[in-house]
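What follows is a single structure, written as structure tokens, with notes after it.
Chains: A, B, C and D, in written order; residue numbering restarts at 1 for each.
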Amino acid sequence: MKLIYVNEEWCLACHLCEYNCAFANSGVRDMVTALKGKPIFPRIHIEGDEKISFAVSCRHCTDPICVKSCIAGAISKSDGVVRIDREKCVGCLTCVLVCPFGALSPGEDGIMQKCELCIQNSFDEPACVKGCPNKAIVYEEREGNK
Amino acid sequence: MGVEFIYPEFEVIRNENRCIACRVCERQCANEVHFFNTEHSVMVSDESKCVNCQRCVSLCPTRALKIVKSDCTLRENSNWENDTIKEIYKQANSGGVLLSSMGNPRPMPVYWDKILINASQVTNPPLDPPREPMETRVFLGRKPEKIERDETDKLKCEIPPQIELSMPVMFSAMSYGSISYNAHASLARAATEIGILYNTGEGGLHEDFYRYGKNTVVQVASGRFGVYKDYLEAGAAIEIKMGQGAKPGIGGHLPGAKIIGDVSKTRMIPEGSDAISPAPHHDIYSIEDLRQLVFSLKEATEYKKPIMVKVAAVHNIAAIASGIARSGADIIAIDGFRGGTGAAPTRIRDNVGIPIELALAAVDQRLRDEGIRNNISLVIGGSVRSSADVVKAIALGADACYIATAALLALGCHLCRTCQSGKCNWGIATQNPELVKRLNPDIGSKRLVNLMNAWRHEIKEFMGGMGINSIEALRGNRLMLRGIGMTEKELEILGISHAGE
Amino acid sequence: MNRYIIIGNGTAAVGCIEGIRSNDSEGSIIVISQENHAVYCRPLISYFLEDRTNIEKMNYRASDFYQKSGCTVIYGKTAVKIDTVAKQVFLDDATALPYTKLCVATGSSPFIPNFEGIENVNNKFTFMTIDDAIALKKTITKESKVLIIGAGLIGLKCAEGLHDKAGSITVCDLADRVLSSILDNDCAAIMQKHLEENNISFLLRDTAVKFEKNTAIMKSGKKINFDILVLAVGVKPNTDIIKNASGKIGRGIIVNEFMKTSLTDVYAAGDCTESLDASSESMKIMALMPNAYMQGHTAGVNMGGGNRKLNNMIPMNSIGFFGLHAMTAGSCFGEYIEENNEGYVKRFYINNGYLTGFMLVGKTERAGIYTSLIREKTPISEINFDMLKKVATSAAFSTEIRKKKFGGVI
Amino acid sequence: MKSEGQVRIPSGCAIAAVISKEGNKMSGEMITNAMKPMHDRSNGLGGGFAGYGIYPDYKDLYALHMFFDERATRKNCEAFLKERFEIVKSEIIPTRKIPSVTDEPIIWRYFVSPLKSVLAALQLDEKEFMVRTVTKINTEMKGAYVFSSGKNMGTFKAVGFPEDVGVFYRLEEYEGYSWTAHGRYPTNTPGWWGGAHPFTLLDYSVVHNGEISSYDSNRRFIEMFGYKCTLQTDTEVITYIMDYLLRVQKLTLGETASVIAAPFWSTIGTKKDEEDKKKHIFLRTVFSNLLITGPFSIVLGFNGGIMALNDRLKLRSMVVGEKNDKIFVASEEAAIRTMEPDAENIWAPAGGEPVIIHVKKGAY
């Protein structure tokens, strides 16, 4: 299946992915209303230094350790997508402690959130991918994930 | 300040209602126009640094930005226009030659726009490109004057070396150094995919791009940067650059600051040294010298590559072209006065040379008058802006067109005309790695391929309309053109009738 | 056809069921559940107290989990004996259930010291099960004075859970600091301060020695009145059933990396076991929910005919009180490298060129990147640790490692 | 209104041809009648015929058919001819007065042989000399026009419907082994006798139906080689292209067809025969400017044969039929049926596929 991959060679650290993510998951129709004057809680984030930068979001691991570790049974994987049931999550951060990618972070309410490939949104491809101006984030099928 | 002050040319208009202070504009502006005021949590800008490259406008996720021309103007004067006065100020401030980039922006006549194309009605049928084959393939190179047969009366099918193009367009010379590695990668990959050629320009060929050799024209210019045997052999054709439309009679100068790393290696000159291209080739002071260089290059490559000679369109271009056609060159490339450049003295760019349309018409007719048009192919460039320009150029007599500005636009160039600063925010005319990476060749090459495919479709539509199903039947087919709003003399030079005739 | 029996119905049991089913969709599975509840998230009982979750949401698996997994659950019964020769498990009603493979996932029980007069205390609670939590919630009032014996994870989570519902909360512990099993003095002090700012009182280096109705007499001589007493001194693994079958036990049931006990065809998983801690390479009880699942899963896979090792278990804890989070992993002994600033402390324990443990208070973003260094035994020399200790980021890895991590499928 | 030569004239047309492979002679009556059913394809502004083998008594002499506007022009021209040729015979071409063909010019024919001394002085071969002389008369001598210049052949043309032109020229009195015919439907000509077709140069005659879109490309190219397209018609430029490729470049008829109606690159690309492929690539590359696009159906007549050819998309009708020794070509089958009601094997050649018929060697 298609997953999000990053290519740090082309990442410009413009941080647009974070804003597009925050907007896409806001449920609000326009970005200005959604994000103006507020801190953002994106499910993807840019890491790096002056030399390199790249966007990190959930890898949707084949054998996701976060699913095994969640003390609330709130994380599950179905149809290849690792998802969080935000109703069940209590924000204990155990998933943060185990995820080797640093792909999970709390939302504004302290409840965990993570990239779910924009499946819940009306986008045909994840917002970060769609909005990346340099194709540093791509949504594609790769070897071993057919 | 004071007498030296020149009011900024552009204004950054930020819609505060829309700005979410994501700071993308700040991160993306190499000119450091935008910055975040932490105290008030708002974005502010220093428009004196703005070159109107539109990078921030394009990336602003909420469309909160626009760049407009400043309306702070000097008192109106039709003779002393604002720009003219400001240029005086700049020169009074600096004492220097004014520099600019890209093509002549002045309102000079664009003959393409005064030429209209024919279409079939009733007496012969227009053709539907999707239904009927429409051929755009061209071969550039010298054609034999007489056919020969062997002892069994079979045709001898050997032809002098040719360049095969899937459509009559090539990407014109832009050197590695004046444009970025990724720009070159985009051009090379796109040319390969489309089945046309790109041109290395005078900066040598980066080792990574030797593999695109079949789709490469390698250039030999007066500076001879990066020229050696492997380089000459790498391309499908060799171009001797005698001149450039944007700056006829002028050499080139790439500052040492840009001669770093791979650029220095590829040019084969020390890091930090200025790359000076002399105005003339110092081994070519006359046409017979050109002939010697042409044949030297042919010798060096065993007569396997067509040799192109590129000249700027100047007043006696027809005679020059005739001389080149008789020099042994296989292809002549003519660059009109609206052609682009990475840097040129403004006055030269805006005042030297002639329009490519007139040069093309004059050269094509002259070569026909001399009966040598089939001995040489004719490529023209210098502001070919659309498929319509291509069709008009072919009908006037060109074999193919060179495009460069259009290609750069496809790559993201917004024609801010400040290439000379090296701070191209689109990653094109820069060697700054942070900026270069902004041009992802995956995107760049795709956009070039898109552009060329679009043009190819349009060219086919034009051809279909004219009832022509192969591009060679359009070549020199001036009956397919009519002029509007031109003088008798202009029409005569172009060899076309006025509309209605 | 295999007959699988799992003693216990917690997280390890679920792991075991899912492990078995990943290899064997045919065999029968019987789960013996002492509690009369489907599997639920035991660590969530404090959130339940706090009303941040409810019984329904606390279900660890969907309501049709057992049915879909082809399991029979025997509720309210206790397994009392294993006959390893006849391969049978006996229940407290004397039923004998034959097995081909058995998994012991009995968990642990609260440890209650023999306090003098404890039998006369009315409102005394342990805090291990949902039933404990329900009972506690019923009893508590806004005026209740609560005394919690034990400043460990359970005691403090209980304190947090009761915070908005009780009049006052006092926590005592014989240790000199809170969370003594996972935090060192400095880190514990930060946490204690934060708890105190949230109106939890502490009596450390002190504990009850005797109870007189609603008064605890402390070792120090202090007398503390309370309405509600919570006993959170500690837990002990439920190992008896293996011990009685002559299986090898230490403090917990000894298992190897296949989760096998010393008894033929008998596996064990979860809080009742003692297994190898990869960070210290010693046998430990690692009573943590992630480990319980992974152990159960490994046991299940192997019971179902697979051959899977689990050898990267380490102790890990993520715990937070009133918004301040602490995380620890691995073994935190010896020299450490510290990063601190206003509001946070990070301590990294490096041994022989490898990160073996860390302790974070206040700044925990992307801590899994640190954890992965311990689990995957990545040499410190291969990474930019100077960068990493400041911020947990994959930028500290080489491009090649990142390409491997992010480029392909994990 | 501009006259022919001052403006390009597109036109629709009818064509027909017949040839005997055995070299058997046919009177011009049959081909004249063949044009009747295609009456509507002409508009009365031009018709003409070419007959081959019609001057057996003078077969080694060039037969110049000429129009003159007045006696003086003819006198001047004759003086010019005498400087260059031995004029063996000079006569009016016999015509028949009919109401449908009027305003005829002076129509004359000369049977000539170039003076050896002149050829030697100019260092030209005979044919090239003929071409230059004809071009000179037609471009420089006002009022004089050579409309036929081959050996043992001749064209006959006029303003009028072709079936009337045949009667006018008394074609029933001529006997030829092959005939071609043309009826013209020009769209903007005032009607000029010289502008009627066939158009000829030496023994090449071309009848053409169509309007080629490559005209100016072809014209500007061919004019590099001494030709002057004074009439600005398709037929004229096609005739010059034929002359250039066949006589100057010495291509075969098949090769010539592969130049002017070249197969598409895609077709060439799929050719299995490597040699054939190479040949086509060569021809298209070298003579790319002589590719003719747009609709055309042409019959090229020459001594000893004809070649019929359609444009590569076959945008104009053209059918071929046969009976015994005869091959018939026409825009419409009706024309063939008029010549031979029992014609067999009627087929429409594919676009770009030449139909080349040679008269048996020694039979003409």
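In the analysis below, a residue touches a chain if its C-beta (ideal position, glycine included) is under 8 Å from a C-beta of that chain, and two chains touch if they have at least 3 such contacts.
Because the structure is predicted, anything quoted here is derived from the model rather than measured.
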{"item": "Pair exhibiting more inter-chain C-beta contacts, B-D or A-B", "value": "B-D"}
{"item": "Chain nearest the overall C-alpha centroid of the shown protein atoms", "value": "B"}
{"item": "Inter-centroid spacing, chain D versus chain B (mean Cα positions, whole Å)", "value": "47"}
{"item": "Chain A and chain B: spacing of chain centres that average the CA atoms, whole Å", "value": "43"}
{"item": "Whole-Å gap separating chain A and chain C, where each centre is the average of the chain's CA atoms", "value": "29"}
{"item": "Centroid distance [mean C-alpha coordinates] between chain C and chain B, Å", "value": "70"}
{"item": "Of all residues in chain C, the ones touching two or more other chains", "value": "none"}
{"item": "In contact (per the touch rule at the top): chain pairs", "value": "A-B, A-C, B-D"}
{"item": "In the complex, chain B residues that touch chain A", "value": "17-20, 22-24, 27-28, 58-59, 61-62, 64, 437-438, 440, 442-443"}
{"item": "Chain D partner contacts - residues on chain B that touch it in the complex", "value": "120, 123-125, 127, 132-133, 135, 137-139, 143-144, 146-147, 149, 154-155, 157, 159, 162, 368, 371-374, 397, 466-470, 472-480"}
{"item": "Residues of chain D touching chain B in the complex", "value": "8, 10-12, 187, 210-218, 220-221, 223-225, 249-251, 255, 262, 264-266, 275, 278-279, 281-283, 285-289, 291-295, 312-313, 315"}
{"item": "Residues of chain C touching chain A in the complex", "value": "15, 41, 43-44, 47, 52-53, 57-61, 289-290, 293-294, 297, 316-320, 323, 325, 327, 329, 364-369, 371-372, 375-376, 387, 392-395, 399, 402, 405-410"}
{"item": "Chain B-touching residues of chain A, taken from the complex the two chains share", "value": "9-10, 12-16, 19-20, 23, 31-32, 35-37, 131, 133-136"}
